[in-house]
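Note that the chains are named A, B and C in the order they appear, and that numbering of residues resets to 1 at the start of each chain.
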Amino acid sequence: MVAESPSQDSAPVAHLTDGHRPPGRVVDVGFRLLAMLAGFSVLIILGLIAFSTTHTAWPAFSKEGIHFFTSTTWDVPKQRFGALAFIGGTLLVSAIALVFAVPVSIGLALFITEIAPGKLRRWIVTVVDLLAAVPSVVYGLWGLLVVAPKIIGFYKDLASDFAHVPILNTLLSGRPLSGVSFMTAGLVVGLMITPIITSITREVFVTVPTAQKEAAVALGATRWEMIRGAVFPHSRGGIVGAVLIGLGRAMGETIAVVLLIGSSTELTGRLFSPGETMASVIVNQFGEAQDLYRAALVGLGVALFAITIIIGVIARGLVARVEARAGGA
Amino acid sequence: MTTFLRRNALVPLAAVILVLAAACGSSGSGKPAATGPGGSTSAKLPATTLKGSGSSFQDPFDEEVFRDFTTDAQPNVTVNYNPAGSGQGQTDLEGQLVDFAGSDSLVVPGDVTKFKGGAFLYIPIVSAPITISYNLSGVTKLTLSAATIAKIFSTKITKWDASEIAADNPGVTLPSTSITVVHRSDGSGTTNNFTTYLTQAAASDWTLGSGKTVNWASSTIGAAKNAGVAGKIKSTDGAIGYVDFADATLAQLSVASVKNSAGTAVPPTLAGATAAMAAATVTADVTVSPMNASGPDAYPITSPTYIIVYAKQTSHAQGTALKALLEYVLDAGQSKAEALNFAALPPALLAKAKAQVDKIVVP
Amino acid sequence: MTAITAGVPVTRLGPAAKHRSRAIRNGFATACIVLSFIIVLVPLALLVGYVVARGHQLFSYAFLTKDIPTQITPGPGMGPAVFGTLLITGAATAMAVPLGVLGGVYLSEYGRRSVIARVLRFFAEIMTGVPSIVMGLFIYTAVVLKTKNLNAFAGALALACLMLPIVIRTTDEMLRLVPAELREGSTALGSRQARTIMRIVLPAAAPGIVSGALLAVARAAGETAPLIFVLSPVYRTNRSLFHGGNTALSVQIFQNASSPYAASQQRAWAAALTLIGIVFVFTVLARIFTAIYSRRSTAS
């Protein structure tokens, strides 16, 4: 803190030459308090979110108990609300998104850190940043009006090609076969989460000690062998963390999914069927909902909040560990 | 400076400039605002905003007629209508968050006390058929009886070449495509009216009850709003669903004729709707139930739609504007109805509706 | 033997790498890696391409200022939505940026070694991952249900919650880049910490902080989910923050996208073009400020 010079007693003396009186102790303490309050605002708001939404959702939780999460019966007239189909839908869309996004993101991160020369690197980072900047609703608009009508032909071909292959014939089918389906939503969400996974993976790759990479090359490794031998082992935890963060984003993605997933409350493994996720069902049914129905929908929001917090904690912890380890290497 | 710009801003800036240049290059053609027939002669009200919410069934009518009201009759009054569904409209009116609610269904007796502003009035405005729209390649004419409709929508019949459908359509070749039932995924007055019809006309075959939402089988698909259902039907071969007349016409869907209680197959037309409305009894609070109406020309799935308002208004400005709006809807609005794919009220009912508006008390 | 410098991609392959199968595997892996760039580039190009191709006809001054026509009426008009986006995002920025900068100041200047600061920093990062729909539901349950009012301010609150952790984190990071010598010098001259921060540290980090704020604004301008619960639609521009409903470009795009009428869909494309334009401009500005900042900090 400030070392008081001997000439300073009760009256603050202007040491700086701009002629203004420097702020006294009050301002200093006041500013510090203000800043501290601002810092704590994060925790306060998170706490308020948890409290307010849970409070509104409580009637649904207390009525359904654990069945809220384990039952597929979402029956509005009978006022039974089991969200399993939507939880399943959320996981399905996220899984599809990750299957496509993770290899592409890792490849892209490797391209940026290991292969691309300086100038090209800047271009690529620009492209990835622009991809991240496009709003979700524009992805949804494009997906709905451009991708969905065109992709249904592709789904039909796939469905007929694999009609006799066990397991795959259920996966690659739809009841009904629709352009707006889990698959379309998953693909577009995968595109949307690629930038964040890429950027975190890139951060992790950058922490790989150059000495290890040099050693591998000096021993005669090809680039790929160097990556496998020096980059990956060091980054494993960080990559998992990045993937988890991408998963969190995919699970929370709402607007693009609402537009691209059709609407069906069936729990199914048929990827070309329409469906619902927790987020999309909130949007689709909120306008009409009253009382217990509304509480149930807010309850879905609470579940989503809890899941993303938990995934976030695990993910950031993993990434932090890798970066800490690199600091000591 | 140039190096700096080149390294950091040039690429993304170029992208942005390209995008915006392409956009600004062509100027959009501005369409002049629609001008209706000669303006009203009544005094111009001061600037007011009226808020309404509710039924999406009446939205195609409301959207145009409310705008015409502003353009032709009262330029200073803005009317905002939120087609969030009949249930939302009723809830909003209960809490006095809106000046009026649009609704296809009546308030259930248990909810009457929730209306904080006291007694409310039903004002019927138009009616329209609820069509059974379908998308089946090669089939342009289709007739269905109430029992068959009930079986299709409760998924007891799953293929288009089922015997019941064939019995309703002698001489028509039906493909063996699977039937995809499309329904409303959001709570809806249209669903309520459709399922009420099925409960009345096909009680033995329809087991899902009636209401703004029913528990559809999981193999059916839902879409939001009438427009969403129309879009889904249009893009899915083998699909069938219930869509209001306006949206079905605008989406150019194929519609089925329905056998009414007299046994005649009546296509969903405005004439059929008017016939049903004329044949139905009007209750004391000016509501009608033309479902499954008798009469040879009546289309059996006809839905009236109402605007609900409080009998006692709390604000002079809002109340006066509201009355002016309702008078416009029941006057000039009625002549616009057909062009917007709605059936105007039959004369007797129209007179009673106007009497309802006169009952509104403005401070 | 070539010297290998740190940070440069290692490209030298030793003679043993010429062995056939290893070379093939290496080539295949390299091809896959390059492919991933193309896989990302193509959809982005298609997306921007389609938005421009389908949106540019309707995009004009009239489009940005006229009232919104009815669904079936063709023609331009998104004035209320443009104004709404600016109003709501502007109000959110006014709330989130000062609070966020102060919060970042706390984390960076006052809490460098404390556990509390580490916890706060951790949760700020977690909060950036909370889905925006949860923010919308939160404001709905905490504000709209209590005040019974659907207005632009509620939308601004929801967006501010979204922007806050972003601004806190970027401010924190940018402030940490300010060299310690600047702070030490100011302290040595006798100023208290608040003055050091306000007069020396913040101005030094200003471009970086502005960059972070611009990114947060870009993100908020594009958000839809938080707004659909708290806004009620209008077709004429509503300039009031607290009275009456409002709309925004993102909400209009969302509603028009699922409309079956070609006229509405046309407006959705043009609105998407407008929104992408706004977001890209802010993103580019943010990068310029970041570059100014890194130039400044390396130059010192």
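Here is the rule we use: a residue touches a chain if its C-beta (ideal position, glycine included) is under 8 Å from a C-beta of that chain, and two chains touch if they have at least 3 such contacts.
Bear in mind the structure is a predicted one, so any value in this text is a computation, not a measurement.
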| item | value |
| --- | --- |
| Farthest chain relative to chain C (centres taken as mean CA coordinates) | B |
| More contacts between chains, A-C or A-B | A-C |
| Distance between chain centroids, defined by C-alpha means - chain A, chain B (Å) | 38 |
| Distance from chain C to chain A - Cα centre to Cα centre, in angstrom | 15 |
| For chain A, residues contacting two or more additional chains | 129-130 |
| Touching two or more other chains - residues of chain B | 7, 12, 15, 224 |
| Multi-chain contact sites of chain C, meaning residues that touch two or more partners | 48, 258, 276, 280, 283, 287 |
| In the complex, chain B residues that touch chain A | 7, 11-12, 15, 84-85, 87-88, 91, 178, 180, 185-188, 209, 211-215, 218-224, 232, 235-236, 238-239 |
| Chain B partner contacts - residues on chain A that touch it in the complex | 75-78, 122-123, 126, 129-130, 149, 175-176, 178-179, 262-267, 274, 284-285, 287-290 |
| Residue numbers on chain C that touch chain B, as the complex places them | 48, 52, 55-63, 66, 69-76, 148, 150, 232-236, 244-245, 258-261, 270, 273, 276-277, 280-281, 283-284, 287-288, 290-291, 295 |
| Contacting residues of chain A [partner chain C, same complex] | 1-3, 5, 8, 13, 15-16, 22-23, 25, 27-28, 30-32, 34-43, 45-46, 48-49, 52-53, 55-56, 103-108, 110-111, 113-117, 124, 127-131, 133-142, 144-146, 191, 194, 210, 213-214, 217-227, 245, 248-249, 251-255, 258-259, 279, 282-283, 286, 298, 301, 304-305, 308-309, 311-313, 316 |
| Chain C residues touching chain A - in the complex, by the definition given at the top | 4, 6-7, 9-17, 22-23, 25-26, 29-30, 32-37, 39-41, 43-44, 46-48, 50-51, 99-103, 105-107, 109-111, 117, 119-120, 122-127, 129-135, 137-138, 141-142, 145, 161, 164-165, 168, 187-195, 197-198, 218, 221-225, 228-229, 250, 253-254, 257-258, 265, 268-269, 272, 275-276, 279-280, 283, 287 |
